[in-house]
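Take this structure first; my questions come after.
For clarity, chains are labelled A, B, C and D in written order, and residue numbers in each chain start from 1.
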Amino acid sequence: MQFLSDNAAPVHPAVWSAMLAADASDSPYDRDALSRELDGAFTSLFGQECSALWVATGTAANCLALAAMVPPHGGVVCHREAHIEADEGGAPGFYMHGAKLMLADGPSAKLTPDSISAVIDPIRDDVHQVQPHAVSITQASEYGCVYKPGELATISTLAREKGLRLHMDGARFANAVAHLGCPPAEACRGVDALTFGFVKNGGLGAEAVVFFEPGLVDVVRYRRKRAGHLQSKGRFLAAQILAMLEADLWLENGRAANAAASEIARAAGDRLLHPVEANEVFLTTSPQERAALREQGFSFYDWGDNAARLVTAWNTEADHVARLVNAIRAL
Amino acid sequence: MQFLSDNAAPVHPAVWSAMLAADASDSPYDRDALSRELDGAFTSLFGQECSALWVATGTAANCLALAAMVPPHGGVVCHREAHIEADEGGAPGFYMHGAKLMLADGPSAKLTPDSISAVIDPIRDDVHQVQPHAVSITQASEYGCVYKPGELATISTLAREKGLRLHMDGARFANAVAHLGCPPAEACRGVDALTFGFVKNGGLGAEAVVFFEPGLVDVVRYRRKRAGHLQSKGRFLAAQILAMLEADLWLENGRAANAAASEIARAAGDRLLHPVEANEVFLTTSPQERAALREQGFSFYDWGDNAARLVTAWNTEADHVARLVNAIRAL
Amino acid sequence: MQFLSDNAAPVHPAVWSAMLAADASDSPYDRDALSRELDGAFTSLFGQECSALWVATGTAANCLALAAMVPPHGGVVCHREAHIEADEGGAPGFYMHGAKLMLADGPSAKLTPDSISAVIDPIRDDVHQVQPHAVSITQASEYGCVYKPGELATISTLAREKGLRLHMDGARFANAVAHLGCPPAEACRGVDALTFGFVKNGGLGAEAVVFFEPGLVDVVRYRRKRAGHLQSKGRFLAAQILAMLEADLWLENGRAANAAASEIARAAGDRLLHPVEANEVFLTTSPQERAALREQGFSFYDWGDNAARLVTAWNTEADHVARLVNAIRAL
Amino acid sequence: MQFLSDNAAPVHPAVWSAMLAADASDSPYDRDALSRELDGAFTSLFGQECSALWVATGTAANCLALAAMVPPHGGVVCHREAHIEADEGGAPGFYMHGAKLMLADGPSAKLTPDSISAVIDPIRDDVHQVQPHAVSITQASEYGCVYKPGELATISTLAREKGLRLHMDGARFANAVAHLGCPPAEACRGVDALTFGFVKNGGLGAEAVVFFEPGLVDVVRYRRKRAGHLQSKGRFLAAQILAMLEADLWLENGRAANAAASEIARAAGDRLLHPVEANEVFLTTSPQERAALREQGFSFYDWGDNAARLVTAWNTEADHVARLVNAIRAL
């Protein structure tokens, strides 16, 4: 029973159908009919003018967005445990040509205005120190915690005051919106560019970078090609994204994953390391307890020595969840 | 009737089947069972120990390979009309961190030992001039022409003598092997790394970088992740490649595309700008003649003012070829 | 008798005096009194508002200027024989993070509007091809030839029309102005940034980058530090430059070097490969003739198999020139 | 009375003499007689085969050395307060093409085996995380503290065991050796490359990068040119370094600066934030106390809200020290 990673989940049938339907020959790269629908689809979803590009991975999406915001001699404030810092193999340094990640703290891997200020305020405004040009936040965070609209507002206000761009890594944006129960625009208000993730949520290999700030997208078109991310049969990436947006499948899938995680969370009680607001459960457990769970057929990652990370996905089976709930209660 | 690009062709049914069959949950990234089969599959195909990594695009494949061969302060000799120089949006400069493409000449976009020497011999061996570290050749070339084993041997001998690595862009490697009728290893003998293309030949979004020189692959594993090209559902890329290798589907598809091009070539006679050895036909034509062809429903690119580029694919219909042959004859 | 390189010449006594006079302790980096005089000194020299930064080498000066004009995914048109292409060890690729040099032709290493257009006009305006963002010209050129104000005007007009920035490598700007006999501003009219060379002309290790386009200098302040070119005792670089500007010493030195070259040129007659407009003489000569000159004590570089390059400097002795003139006549 | 920075100190008379003596024309770049003496001079100083290159700044020296040790996808462990992290304007990211600085702790800005292990041990050996390739330590540290030979040995042993290169930023290497009273080789035993600083210690604009590990220097020769740091009149940089090495002037100057700092330290008593082992004194002081010192004519930097940084130099006058000692005692 798979609680290892939403990355490992299968592709949603509607995504397969859309890909198969896109098979007929069309113009290569992003000049096909489907790719040309993306701007409209996201504009309609967010209720505001925006542009969107497909790309195969979240790492590429994040880094292309950041590289459009930050010059090589600049820096980006992000959480010490952000994916761009901890799990992207140095991709930000590559895409931004050596620009610096400036590591901030904050509970459950979320930044706060104070934790951002603690990083940027001591920076002397001279050429000897790298100057911040952007802030990157993750919705939901690495620990599955969600920025509420009010929290977002304080961060985007600070960013604007300090002349910093704001990027959101939304690898689990669907789970965040499902948790908040608000219009998607509320979950990313004030953001200049959003990495909107689909792969963890039923897609095969397509994420969107959505630009609310005009001007950024034009640079990224060139940079996407330059990074080898302009696939020649791009219609298959556009098809995945459009299928996920259709009838809010992305949201439905996010809700399903969240619901499974919530059920597990209820069983976990005091064992929870972080509030469960998305599809990740961090569970205080001894090595013996984790061994016991694994013996019963549950697969998951250790999180340090004293915890387990369990991730649900759009397709997590109710029966697996029920069995896990029982197993946790029995620990 | 589509003669615009093999990039625009549909995905082969066997590739679809393999992808669908790979849908069951497996480990993310390249730790799944299929990705782990790649080394063996290519070792068996080439009859020599090699390692292989999947990647979504030919641009990424070429540039990852080159970046493992060439330090940032070095250079790569390639043809003035090579894809890496003319059509990859500066990706080599990005991946190689500013290393230089050194442009050489040669008939039909093929390098020769003489044309390589013409570039590298005048370079002074001092720190004021960028030193060459590798040669990159394209099999088949941008003009659809194929390096014969003997031609390859003279180039790889020169490269070895000069201490240069040898890279082959095999976006149309299948068409080259189909033309040569030799074992695949003969079509890339002496090469350190080969970009083995599948997307133009029936794939969806997966190419292989094959390393014959041990040591290169380990660096590229890190660089692939760093470039945002390590897809989390990598099993779907491995599945495409394995399906193409199965029962030599890649070769069968290459032969089909070549056969269609040959038929067109026979009709073209003196109009041919280059020998037709793969799946591209460059046809001297006036603007009026091209307009006439387009009126009859043929789509293709202009090649400068006085020629058309017509590309066939694995699925080019016999009927379309027959009609094109007639139309060309009638010009 | 030294005709090898103006790089090898000694430092002018006035430069030494100024450096010694700057020895008293002052603020480090560029916060000292002398460094703060540079903007004013160049504004006064050029009769227009400009900013200037010191840097130790022409390579750094050229590349810092270009990197402020060209994004990593862009390109710079320059002459095939420009110093940035042929003799800076790939520094432009480093400083511009992989941006591309686009090589153009032109007589005596000078660009023309036509030769620039021949490079940029065929570039498709799509993401597959690197787009030009700037033009770099060299005043005087690698072959010691000078752009006249009218020639400059046609190039700067073209650049403006095409939205390209204009950079001038003025490693031998003094020799160019001395030749033209015009106000310095006329010799670089329309240029956004000028590398104003002093080292070849009596300096020790200080060049200026002069920015006529506001906005560029602020980025370069950060980039200079980031490149390790912000020397902590910067006052000694500023002192050199100010000493050279004082009473137009730079121009006097340029005239002296030019005069020596002109005298040699008159002796050379039909042997000249290029018009002698600055301080370089390219002389058609057989290997035997060059051996004969060397036996008489003249040092210089071979220029290919059939020519010699002779360079004069601010301190070239009249007696050495006279002897060389005789030796050439006697060949 | 100047206690602001050793960067602001004048040039030692012996350095001036050597520069003036080098004025005669010689080969450009580093092919002059003096530059060719460097390898021998350092080999003799350290009693072991090594190679040395001049470069104008410590930032360039550090970053050229690191870039020869660390691939773009790798990382360097350094102290959170190291100069390369805090005061070089992002130069390491530029020179290393995006490689990562991995920040470690340790008392008085010195690393320890434990603090290094705390950074590298948690790094998973997979492509998702940047892998460490080198360690960089500073001798003396940012807080003027010195690694003893035994401390060095534990660090170099750890580095060797983990396959990491070891770099030493020796901007104040002279002060460290003066403090240790050991042969210079003991103060950098186990290091692969040493930045040997001269500018803070009586030089004008020349530092040396000394390579104990063969192979590194050859890459750096190219990289130095590529970074615009190969000055054309390099003989003046070599002359400075040779003058400093002559009769151990570097050590004499280091001792003088240290002695001045020690005297101040004795007066400071409990106010010292760090042991005074080199030429920097960090003094707990209230804003009022600092104002009082400034009123008496002492210039220095604030170090946060509650401390002052006072730096002595080779030329700090005994009278100034005496007055400062009295002023501190009178606080």
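Everything below uses one rule, namely that contacts are C-beta pairs under 8 Å (C-beta built on N, C-alpha and C of every residue); 3 or more make two chains touch, one makes a residue touch a chain.
Each chain and its UniProt protein: A, B, C, D = Low specificity L-threonine aldolase.
In this text, all values refer to a predicted model and were calculated from it rather than measured experimentally.
J.: Identify the chain pair with more contacting C-beta pairs: A-D or A-B.
T.: A-B
J.: Going by the average position of its CA atoms, which chain sits the greatest distance from chain B?
T.: D
J.: For chain A and chain C, let me know how many angstrom lie between their CA-based centres, rounded off.
T.: Spacing between the chain centres: roughly 50 Å.
J.: Express in whole angstrom the distance between the two chain centres, defined as the mean CA positions of chain A and chain D.
T.: 42
J.: Between chain A and chain B, what's the gap in Å when you average each chain's C-alpha atoms?
T.: The answer is 34 Å.
J.: Can you list every residue of chain C that touches 2 or more other chains, as numbers and ranges?
T.: Touching at least two other chains: 72-73, 88-90, 93-94, 97-98, 127-128, 222, 225-226, 230.
J.: Hey, which residues of chain C end up touching chain B in the complex?
T.: 72-75, 86-90, 92-94, 96-100, 127-130
J.: Where on chain A does chain B make contact in their complex?
T.: Within the complex, chain A touches chain B at residues 2, 4-5, 7-11, 16, 20, 23-29, 55-61, 63-64, 88-91, 94-95, 199-200, 204-205, 222, 225-233, 236-237.
J.: Could you pull out which chain D residues touch chain B in their complex?
T.: Listed in rising order, the residues are 71-73, 97-98, 127-128, 131, 219, 221-226, 230.
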